[in-house]
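Several structures are given next for inspection.
The same subunit A turns up in both complexes below, where it pairs with subunit B and then with subunit C.
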Partner chain A sequence: MGKFKDNVIQPILDCWSLFVGLKVTGKYFCKPLVTVHYPRQVIDNENLTTYGGHVELVGKPKDPATPKCISCMMCVTNCPSKCLTVVKQKAPKPTPEEEAAMKAAEEAGEKVKKPKAPKNPAKFIYDYTKCSLCGTCIENCPAKSLRFSNNIYWVATSRKEMKIDLLARLKEQANEMPAAAPAPKPEATAAAEKEA
Partner chain B sequence: MQVFMQHILPLLIAVVGAMIWLGINALLWVYCERKFAGHIQRRPGPFEVGPHGALQPLIDGLKLMGKQLVTPDNADNVLYWTAPIMTMIPVLLLYLPIPYGPVLTGMDVNLALLLILAFSSFNGLAVILAGWSSNNKWGVLGAARAVSQAVAYEIPLLLTVLAISFMTGTLSLVDITNLQAGYIHNWFIFKQPLAFIIFIVAMFGETNRAPFDLAEAESELTAGFHVEYSAMGFGCFFLAEYGYMVVMCSVCSVLFLGGYHGPIPGLDGWWWMVGKTFALMSFMLWVRWTYPRVRFDQLLNINWKWLLPLATANLLATALIMKL
Partner chain C sequence: MSAYQNLEQMKGDFYTQKFAAGKQDDTLIINMGPQHPSTHGVLRIMIEVDGEYIVRAEPVLGYLHRMHEKMGETQTWGGFIPNMGRVDYGHPMAWNWAYVGAVEKLMGIEVPERAEYLRVIMTELNRLTSHLLWWGAYVLDLGAFTPILYAFDDREMLLDILQRPSASRLTYSNFRVGGLQMDMDDKCIELIKEFIPHFRKRLPMYKDLVTDNIILRRRIEGIGIIDQDMCRRYGCTGPVLRAAGVPYDIRRTEPYSVYDRFDFEIPTEDTCCSAGRYLVRLAEMEQSMRIIEQALEQLDSAEGGHIVDKAPKPSMKPPAGEAYFCVEGGRGKIGVHVVSDGSKVPYRIKLRAPGYSNLHAFVEAATGTILADAVAILGSLDLIIPEIDR
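And now, the complex of A and B:
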């Protein structure tokens, strides 16, 4: 009797799972679509945060146009595809008067403070044609100055365009941000005026 | 002249009508299949060509026509090009005896059921020719699978059809339809529910549709028997597949769902027939995008261990009841 139950009754009862499956797909058929018709629609910015695009620099919180970068070259040494080029800034050349003063002090046997080079880099070139988006540079950055961008709509038509000057890009972003932020203000005042 | 007007002209009109109906159905169901698959997976499906992608099947057809017909090296040239023609021609014939209304019947023959079952078996021959002649191991494997599957699933299909013929005493589709006139309880689905279920399952096996699409099995055999076919050679198999699906759904709605009769008397007409066929077709698409493909031994086990004994028992029970 046990065999009969296992081999005959149970398979018939298991046929119920067929209807369960049909119900699942039927339910999904009636749900709204989740994909986006790209050229006519774009994704909300909040959904872009999970997108890992090319590498970009992170600006200082108070000065978004200059990167947090300290030109330590950790990213350049760790990059497996050698796609980053960082050039350190040189120390500013002292004016002739300062130079004379320094020389005089040195001769007098005093310790002279030579002007130090600024920490942030002079050039930060990123070759996207070589990058494999492994994120090693981001992991190794001690200043947390690198991150993946969410630049999903970027198009380059030539190899030259794929070489990005990340410093210029950061400056552009910094310029765009304050322009975007105060935009709602005039509308608000206009609305307030209307109410008045 | 009178012979021509009485017999040949209606048949010519019916053949042309069947061709048009086959073309419309193929375009419609290729489009519906893709849309259906898309919406089940919550994406839009074809969308760019025409409003909501409605012209996509036409464009696809044009693309297929514009492509080169390639014959593989060492293929049997004659058989290779006979196969797509052989799968396509019987489909046209299959549409003729299907009754869409009291007048809208292409060819009222009293052996309509036999004709449909006999000529739909041509597909098996076309498939094995295609697989064998294309000199490709996937093709041969697909053809071998297709044939063992078609042979297996034809038997329960015939047995269920036979049960209906036992009840009605006829093989004419028009007579079977007319016996289901009146209220909905006259439909044979209520007198032969088991036969209906067996017919539906065997229908999937017979038309090589998922979950029984072992002959094509994209992931294992690339495309099975039509792997070497390009352009309209492939197009013919594709059209014929949808053609056979519509025929099987039409036969199913004639045998079990009352054909062109509505659920209450007085509303009969071709719209019922088309509606029932299309509902069954949608069900086939729904099933395809729901279930995974079964393994080949499972496929044959379902047939030999379940469908065949059940169909035989059903047939014997029907015969007994009819005798009493």
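And now, the complex of A and C:
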């Protein structure tokens, strides 16, 4: 009798767990979707702003097209993947007047004042194929000129496209958003509220 | 002899030639993997089967070997941290912690209290994602498709929380020597506080849907016995050892950081089987949540910032010497041994992966079982192949 109970009745009773599982499935079947149908719908903006995409340059607050970067090369030396290339600008050729002044200074035995190179980089190339998104460059930037972008939907069809010219990207961004102030104007928010 | 048998490539590779048929007649040698879905990537197991029963099994490793240890000898001390996120995609923060902790020990840096609590919170959240990923994938291996969708629903919420302080969603590398990359914002803490009650409600649903399911129980109960003796011989740690009835957890036996301030239990099972390992992991999720709750309470009164003042630069020069630091990862004891000769570049880095030891117990546990059970045993060990091959 014991064998009959163990081998026949108990397995049938155990099958109740399948119905319990089905109940859970049915319950969640009636609940709204948790996924997003991507091209038609997108996830909310808050998740995009906290997402760390590829690295990008930060513009000066008054002049968004030029980066805060001072070409100190801290990002390049500290990058573990060696994916950044920064080329410093060369000093401009001295004008005839400056040359004369330099000569005069040299003859008089004074300190020669050479024209200084601008601090902004001439080239800032970033190879996204190598980047491991560790954020070491961002932390070590003394001018706070680098940050993670929110460029989440970006795709590239070739390896060449993955090499991003960050200076060109910054100019593009500055052209797209001519308003230098990040906070929207009070009129604009009022209009948005009306629409909502 | 047909024409095909003379071809050189029909001989097979090194492992095929070495794995000769045993004494028994009528056996078949098959390759499970490297492309088998249940091997989670690229583990290859050569199996000699007699009918449906496994006579011999031998794992073949190295398909995902990326020389992480050698890479450490070419990078700067700080530059090796991103590598630690890639060693184990399941629980990368524990690996981060093991490496950073070893370097801190070498340099004698004391981490601020707040950073310690933040590390605990993030590592425990990461442990939850690790166990959820394992849970979904394991049940998927056994033939149930829908549970992984429930697991990823919860995991997605955790990833949204973790991307705020770390700016990444899978391969975290936000630990720094002396603290963390970023502090948690208020919104992040609020989200964690919302998530924990939500997840507490989900765990009974997991139990109803999967753990109590008679099909799953019949498949994993009493399968793949790895007892205390075997664990000692192979060096198994983590849930594999705890399912054998040994309450060994680095967080309790050698408390590092601030783990001695929390009240939590170490779940153990005496069954030694796959079901035991399954239940230990599910119970661990609950304990992780308890730790997070206590850490959040104590976080407000913690002193210091998220990183120590004057934190060392990535090109730091630790004094010559060596240090070992171990933490409890999702799969077991993670140890990192670093040796410095006083230069910018590490002299040697040794990584102790728990999965490597756990995998070798599979050979003995699987011998004599049927092929379908081998998948159930392999899955219950929670193997992450990148971690095993390193």
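Simple rule for what comes next: the second predicted complex is superposed on the first by the 137 of 196 C-alpha atoms of A that agree within 3 Å, B and C clash if a C-alpha of one lies under 4 Å from a C-alpha of the other, contacts with A are read in each partner's own complex, and residues count from 1 in each chain.
Please note the rule applied: a residue touches a chain if its C-beta (ideal position, glycine included) is under 8 Å from a C-beta of that chain, and two chains touch if they have at least 3 such contacts.
Predicted model only: the values in this text are computed from it and were never measured.
Q: Counting only touches as set out at the top, which of subunit B and subunit C does A:N175 meet: first, second, both, neither?
A: neither
Q: Quick one: classify A:D14 as touching subunit B (first), subunit C (second), both or neither.
A: second
Q: Answer with first, second, both or neither: which of subunit B and subunit C does A:V34 touch in the superposed model?
A: both
Q: Where does A:T25 make contact in the superposed view: on subunit B (first), on subunit C (second), on both, or on neither?
A: both
Q: Subunit A residues in contact: does subunit B have more, or subunit C?
A: C
Q: Quick check for you: in the superposed arrangement, does A:T129 touch first (subunit B), second (subunit C), both or neither?
A: Touch status of A:T129: no partner.
Q: Which positions of subunit A sit in both the subunit B and the subunit C interface?
A: Subunit A residues touching both partners: 11, 18, 21, 24-25, 28, 34.
Q: Give the list of subunit A residues in touch with subunit C in this complex.
A: 11, 14-15, 17-18, 20-21, 23-25, 28, 34, 47, 50-52, 77-81, 132-136, 139-140, 148
Q: In the complex, go through subunit A and note every residue touching subunit B.
A: Residues of subunit A touching subunit B: 11, 18, 21-22, 24-26, 28-29, 31-35, 37.
Q: Which subunit C residues qualify as touching subunit A in the complex?
A: Per the touch definition, subunit C meets subunit A at residues 75-76, 78-83, 85-86, 146, 150, 153, 156, 160, 163-164, 166-169, 171, 173-174, 176, 181, 205, 208-210, 212-215, 313-315.
Q: With touch defined as at the start, can you tell me which subunit B residues reach subunit A in the complex?
A: Where subunit B meets subunit A, its residues are 36, 39-44, 47, 286-287, 289-291, 306.
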